[in-house]
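Each structure below appears as C-alpha cells.
Two complexes, one shared chain (chain A), two partners (chain B, chain C).
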Partner chain A sequence: MNRNQQQLNQSISLYQGYALVMSTLIGVGVLQFQRGIVQEAGPNGVWTILIGGLTPLAEVWLVTLLMKRFPGKNIVQLTRDLLGTDKNPRLGTWLSLPFLGALSFFWLVATAIVARTFGEVLIGAILPMTPMEVIIGTLIFSATFVVVQQVHIVARFCEFLLPVLFFPITILLLTLVQGVELENFLPLFELNWKQVLNSVLSSSFVFAGISVLYIFMGYYQQPKQAMKPHLLAVLTVIFGYWVTLATSIGVFGPQELTVMMWPTLDLVKQAEVPGQLLSRLESPILSIWVVAVFTTLVTIFASFVDLGVTLFNLKERHRKWLAWGAAPVIYGLAFWPSDVEELLKWGDRGGWFGFVVSFSVALILLGIAWVRGRKGRKSDASSSA
Partner chain B sequence: MPLPLRNLLFCLVSASLLGGCWDAREIEERTSVIAIAFDKHPEGYEISVQVPVPLKIVGSGGGGGSENGQNAVQTFHGTGKTLSDTMDDIRDQTNQQLFLGHARLILIGEGLAREGMGSLVDAIRRNPEVRRRQWPLVVKGKAKEALQTNPKLEQIPAQYIITMMETGQRTGRFSDEDLGKTYINLSNPAKNPLMNYMEISEGNLVWKGLALFEKDRMVGKLSREESQSMLRLREQELGETANIPCGHKEGKLVFRPKELERKIQVKPRKGALPEIEIFVKMKGEIIEKICDLDLRKQGIYEKINRWVADRYEQTDRKTIRAVQKKWKVDAFNFGNQIRAHHPDLWKTMDWNREFPHVPIRVRYDVQVLRSGLEAK
Partner chain C sequence: MPNLDPGITRRVFFAPCIWVLLEFKVCFLRERGSLTVVVMCMRKGWQRRKNLKKQQQLERRSREKLNQKLDEAPVFPEVKKNADFIVELLGDSTDLITRWFTIQYTPDRRAVVMFIDGMVDSKTIDESIFRPLMLKGEEIRVKEDLWKIIYESLVQSGEVKKVNQLKEMVGSLLSGDAILFVDGYSEGAVIGTKGWPQRGVEEPRAESVVRGSREGLTETLRVNTAMIRRRLRDPDLRLKDYKIGKRTQTSVTLLYLEGIADEAVVKEVERRLLEINIDSVLESGYIEEMIEDDTWSPFPQIQNTERPDSVVAHLLEGKVCILTDGTPHALIAPAVFTQFYISPEDYFDRFMIATFLRLLRAAAFLIALLLPTLYISFVSFHPEMIPPPLAIALAAGRSTVPFPSIVEAMMMELSVEILREASIRLPGPIGPTIGIVGALVIGEAAVTAGVVSPLMVIVVGLTTISSYANPSYNAAISLRLLRFPLMILGALFGLYGVVVGLLLMLAHLVKLRSFGVPYMAPFAPLRWKDLKDTLIRVPWRWMDRRPTFFRPEDHQREEGGNSP
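Right after this comes the complex of A and B.
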C-alpha cells in the first residue's frame, strides 16, 4: 500500500465522524422505542430516557478513548498489536478472536434485524401487498452496493444524508404545539426502582450501534480530536429521542402509547399542517426514515465487511466478494424471526447484546492497554495491511 | 460492457426494483371512500360507504358536467358478521379496490353505539389507511340514513357534514374530539369518550348535543344546553350564547363568551370522598338586550357580571347533577385530574363507582367587556 492510498484511507473527517455516529444510532428504533420505555415507567419515561442516555455516552466515551490510543488502526489491527507480543504477533490474532467474533456476530445479526424491522414497518404501514422478500432483498441489495466501497466512502455517504435526519423535528414541534396535555406527564415519580432500572435498560437499547466506531475510527484523519464530535453526536441523538418521546407522551398519554405498534408513525398521523397543504404526513416521514434506516444498515454492514477484510488480510478488490457473500446470509437471517413479536424480542436482545459486547470489549482492552502500557505509533497502520 | 451502458442498466434495474409495483395503485384505480357509516344489523354489522364520483365533480374536466349532492356520489352497503367481513361484502360490489385513506367521517348508528363500539374501534385501529384525524359522530337511528341526506351547498354530502363539524368546533359549539382522541379516551382508564350527536330532521343532519360514553358503550345523550356546559367544563370551549335574566326586571340579556379559562382543583379530604372545585374565568360581550336596562348607568356592568356568572353556575350545576345521578359516568374526565395530580388517592378509590357521590362545585368569574354598537 503506497503512501497516497494510505492518506486516502485515513480521510474520515471529524464532521463525518459526527454524521456517522448520528446516522448509525438513528435507525429502526425511532418508530417504536416509546412503547418499551413507557410500558415500564409510564410518564416517567420523560426522565428515565435521560438516564438511559448515560449508557451510550459512557460507551462512546470508552470506545473513543480506546481507539484514539491507537490512531490509524481498526479493532483488528489494534487487538493484534495490543494482545500479541513482539516475538509472537500471531498470538495477538488468536487472542483477539473472541472479541472480534462477538462484535462481528452482533453486526451480522443487527443488520438482519434492521432489515427485517424495516420490512415489517413498510408492509404494516404503507405497502401491504408488497412481498417481504422484495423489500428486504432490495434493501440489502442496495446496501451492499454501498458496502463494497471502502470505509471512508461509507462515511462520506452518511455525511451526505445527515441533513435529511433533521427535518422531522419540525413536524414534531407542530404536533407539540397542537395537542399536548399536561396531565399526560403526570403522575411523576410513582414507580419503584425495578421499574426505573427496566425502563433505563429499555431506553439504552435504542442507542445500539456505537460499536461501528471500532472499525471506522481506524480511518480517521484526527482520531485524537474525535471525542468531542462523538459525544456531541450522541447528545444530539439523545435530545432527538427525548423530544420524540416527550411529544408522544404529551399527545397520547402513556396508556395509549403502550397499545400502539409504531407510535411515531401515529404521532405524525395526528399532526395537521395548517392550511390543509398536506393532510397525511406519514409518507414524507417514512421516506426520511428510510434514509435513517439505510444509513444504519450500511454502517453496520460495512463494519462487518471491513472486519473480515482486515482480519483475513484480503486484498481491496476482494472486499466486494466478502460483501456480496455476506448479503445472502443477512437475507436468510432476516427471515429467521417468525413474527413481529419475536422480531421485537430479537431487537431488544440484540441491542442489549451489542451494548454489552461493545462496552466490555472497550473496558477489557483499555485495561490491558493501561497495564501493558501500550500505545499505537503513528505510521503503523500499513504494517498489517 | 462499456461503462455508460452499464450505468444505464444499473439505473434501469434500480428503478424497476424501487417502484414498489405490488402496491402501485393509481388514483383512478381506487374507490376513495369519503365517509363510512356503521350500523347494527341482525347479521352483525351493516356498513355503508360514500364514494364521490370523480367525473361528476366540478373541475374534473370530464364530460357530463358537474352534479350535486347524491348525484355526485355513490353509496354502497354491505352486511356481515365482523367488520372485515362486511367490508368484503362491499368490495364484492365495487370495480376497484376500496381506499379508506381519504375517509374523514365516521358515522355510528345509535343502536351500535349503545351496544358498544369496541370491536369496531379495534378493526379500524389496525388498518393503517384510516386517519386519526376524522370525525366520529353518533347518529340517531340509522347512520346510513345520514349518508343519504342531500345538502345543496357542497357538492359531496359528506363534505358538507365535515365542514359543518369544522365550523362548529372552531366556534366552540361542538366537541372537537377526533377519532385519535377517542382512541386515547378509550385506553386511558381515567377518561371516557365523547362524541357529537346528530339527528336527521327534514332531510338535513342536525347537531343535537353530545353522546355520553362509558368507555366504548354509549350511555346517554346530553341536550343542547347541557352539552354547552359539558364543552366548557371538559374541553374549555366557549359554547353557545347564553340568555341572562335582567336582574329582577322582565326580559333577557344575551351574553356571548369570547374567552374562557377553566381550572380544576381536586381537594382530598380525610375519611371522605375528595371534593372537586372548578373555577371558570370568562370574558365576553352583550349582544342583545330585551329589557329596559340602561347600560350607561355607573356600576351596571358589575351587576351584569354577577347575573351572567349566576346563570352559568346554575346550568353547569344542573348538568353535573344530571350526569352524576342519571348516567353515573364521569364524562367530564375529572378522574384524569385525580389520576394525574393525586395518584395516591386514585389508587385507593374506585372512581367509576364513587363518581356519582363526589361533591363538585363550580364557580364562575365573568367579565362583560362591551355591549356592541349600542351604548344604551
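Right after this comes the complex of A and C.
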C-alpha cells in the first residue's frame, strides 16, 4: 500500500517532464514574440534570440538543481524542510510564505493574462462575433475541468498532446521554402551593446513559465535524471522560436514585422498547402494553438492549485473546491486590462516578474541549502522501490 | 451613503435578529393547542417510522427464518420427508419430476430421484440411473452397505457427489442435476445429468473476420470454457466459479493465466465480483456495469467479445476474462482505449496489411467522430478554409437550404441514427434492404426538395460508414453519442469549440483507469516499446514481449532465435 501510494505520488516520467516544459513554454507568446525582438534588434533578432535563450536555460538549470536536491518534494514541502529547524518546523512554513506568495501570485496573474490574450487573438482572427466573456469563460471552465485532477494526470494530459505541438513546424518549413527573401536578413551585426541587451531581455520573457517545475518536479519518478530532458525541452522550444522568427523575418522583413499584431498568424496565411485540400491555414493553426495555450494554462493553473493544496494540507477531494474557487478570480483578473495594448504591457511585465521571481527563488533557496548543507533524504522512486 | 448614523445601522441590523428570537419564544410559549398539534404531528411521523421499522424487521426475520430453514436443514433419513420438503420448497412446480421406486437389492427401502424436466438429459437418466438402480441391484453378490454400493457401482455416471445439506441439493437440482435419496440414509447423491437444448457453436455475429476461426462463444458456460481450454492447453490456466445474482444464481467463471496475469488485477476483479449485490444477472452487461471503474463515462472500460480465440489472445496478454452463463459475450478486463479499435484479424493477416488496416480504422475513427462537426464549423465559421471552387459548389448546393448548417446536420444525423436502429429491429432479410432503400430514397429526395445540401448527404453517409469500420460495437456506439455534443460545440464556436470539446474528452480519457491500468496507455503514459502494437502492428517476430502496461508477471513472449 505504502509503495503504491508512493508510486502514485511520484509518477511523472522523464518524458512527461520534457512534455511539461515544452507545453508550458509554448503558449500565447508564440504568436507575437517577434515584434518585441525585432523592434530592438531588427534583423539581428535572428541571433540575439539564441543569446536570449541562454537565460531560460540558466533558469531551468537552477530550478532543476534545486528541486532534484529534494526529491519527492514540491516547493512547499521543500521550503518547509529547508527553512524550518527540526525543533520548529512551523517556522519554515512562515518563512517560506514570501517565496510561495510571489510564485502563486505570478501563476494566478499569468493564467489570467494567458486566457485574456487567447481571447483577444481568437476574437480578432476567427470569431469576431463571439463575446469575449464567453470565450474566456469556456476556456477557464475547461482548464479547471482538467486542473481538478491530480498533478500526474495533468502531466499525462500534456504528454498526450505533445506531438500536436510539433505540427506547425512543418507548416512553417513549408513557408520557409516558399516565401523567404534572403535580403530581409540584412544588415546583420550592426548593433550596439545596449540594443543587444534589450533584445536579449525581451526575448527571454517569452520563456516565462519554467517555474511550474517548482511544483511538478515534486512528483517526478526520477528527479535526479531530470536535468537532461528539461534542458532538451528548453532547447527544442528555442529552436522552434528561432525557426518561427527566422521565417517571419525572411518573409516579412523587419520593418513590416514591427507593425504586425500577430505576425505568426500572418505567416501561416502565406503558406500554400500542396494538393489544394485547404485553402487557408490560419484556422487549423489556431486550433493547434488552442491546444498549446490550453496546456500552458493548465500547467500554470495546476501549479497554483497544487501549491494551495500542499500549503494548507488539504485533502485530495478538496482540490476541486480550490480549483473551482480560483476559476472566477482568474476570470475577473482576465478582464482587468482594458485593451490589447495594456494587456501586452501586462504580459511583458508579468513575464519579467515571473522570470525574476523564479530565478531569485531558485538562487536564494539553493544558497540557503548550500549554506545549511541540507539535502532531501529520499532517493529516486525507482531505486528505492 | 454619506453620514449615516451608526446607531441606525445597528438598529437596522439587529431588528430582524431580535424579531426572529421573539418569534421563537412565541412558538414555544403560545397556547397549548398549537404545541399539541406540533407534538401530534411529530408523534404521527414517529409512529409511522416505527411501524415501517417493525415491518422491515419482521420481513427480515421471516427471510432469515426461511434461509435458516434451508441453510441448516440436513438431509433427513426419512426419504419421504426429503421429497416433501423439496416439493414444498419449489411450490409444487409442474416441471419438477419426482420418481419413486424400489431398489431391488433391498426391496423394503424406497428411493426417489428428482429432477427438473427439460434441464436434464432424460436418456442419461434412464440409462445410467433408473436402469441400473432398478434392475442391476439384484445381480450384486457381495452384500454390503446399500448406500456404498449405489455410489460405487450402481449409479453409472461420471459426475456423482454425496451431499448432506438440503440447500446444496436444491441448488444442484435447479441447475439441472438429478438428485437421489434413499430411505434410511441422511445423505443424498447429486448426479450430473445436465442437458438442455443448446444453440450450436456458430460464427459470431458482431465480430466476423475474413481470416480466422469461425467459432463463436455460446450461451452455455461449459461449452465456452471448453472452447477456450482447447485453444490454450496451458496448465496455468485458472478457472474460478462464482454464483452471482441472488435469485438467478448465474454461474460466472473468472479465467486467467497464473504467472502471466498481474496478481493485483486478479484480486481486484475477484473483489469487485464478490461485492456485486444484485438479484439477477441476465447478461454479462450487468456484471460489466457493476465492476467497471467509472460508470459516468461514455467509453467502455471492459471489452466484450464473442470469439474464443480473442479471449485466449487477451489472456495471453495478461488480462482476465469473465464468462457468464447464458450469454455468448465474454468480458475482458482491464481494457485500454486502443484495444477497442483492434480486430483479431490484425494478428492473422500479414503485418503490413494489418498496419494499413489499422491506420485506415484510425482515419475512420476521426471521420466518424468529427466529420459532421467539421462540416458545420467550416460552413458557418471558416468558409475561407474551403478551396474556392469547392466553396462555390457548396454555396450553390446550400442556396436552397432554409436551415442553418447545424439544423441541417442534426436532422440528417438523427434520421440516419433512426434508420440504423430501425434496420436492426426489422425482421431478418428485409432489414438491410429497407435501410439502403430508406437512406437512398430519403437522401435523394431531401436533396431534390432542397432541404439539405448534397455535400451534407455525403458527409452523413461517410460518417455512418466510418462508424461501421470500427471492430467493436460498444466503442463505436460511444462515438455516435459523442458526435452530437461536438456538433453543438462546433456550431457555437467553430473550430475553437471543437478543439475545446476534444480537449475535455481527452482530459476525461487521461483520467480514466480500468482496473488500475491507465486507459490511454501506451500513449499517455508513453511507453515507446508498447507502441509496436497500437496504431501499427510490427511483425510477430519483433513483438517478443507482452505489453508492459498490463503489468504481466512474465514479460517474455518469444525466446531468442526468431531472427529470419
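Just so it is clear, the second predicted complex is superposed on the first by the 374 of 385 C-alpha atoms of A that agree within 3 Å, B and C clash if a C-alpha of one lies under 4 Å from a C-alpha of the other, contacts with A are read in each partner's own complex, and residues count from 1 in each chain.
The rule is simple: a contact is a pair of C-beta atoms (placed from the backbone, for glycine too) under 8 Å apart; a residue touches a chain by one contact, two chains touch by 3 or more.
Just so we're clear, the structure is a prediction, and the values are computed from it rather than from any experiment.
Shared-chain residue A:R156: touches chain C; no touch with chain B. By the document's definition of touching, of the two partners only chain C reaches A:S283; chain B does not.
Within the superposed three-chain model, A:E341 lies out of touch with both chain B and chain C [touch as defined at top]. Residue contacts after overlaying the shared chain place A:V291 against chain C, while chain B stays out of touching range. Applying the stated contact rule after C-alpha superposition, one finds that A:Y15 touches chain C and leaves chain B untouched.
By the touch criterion defined above, A:G253 reaches chain B but does not reach chain C. In the superposed pair of complexes, A:D86 makes contact with neither chain B nor chain C. In the overlay built on the shared chain, the residue A:L127 is in contact with chain B and with chain C.
In the overlay built on the shared chain, the residue A:L139 is in contact with chain C alone; chain B does not reach it.
Comparing the two complexes, residues 126-127, 130, 134, 138, 142, 279-280 of chain A contact chain B in one case and chain C in the other.
Chain A contributes residues 124-131, 134, 138, 141-142, 182-187, 190, 252-253, 255-256, 258-259, 266, 269-270, 272, 279-280 to its touches with chain B in the complex.
Remark: chain A residues 11, 13, 15-16, 122, 126-127, 130, 134-135, 138-139, 142, 145-146, 149, 153, 156-157, 159-161, 276-284, 286-287, 290-291, 294 touch chain C in the complex. Residues 381-382, 384-388, 391, 493-500, 503-504, 506-507, 510-511, 518, 520, 523-526 of chain C touch chain A in their complex.
By the touch criterion stated above, chain B contacts chain A in their complex at residues 14, 17-18, 20, 22-23, 101, 128, 131-133, 180, 183-184, 187-189, 336-337, 339-343, 346.
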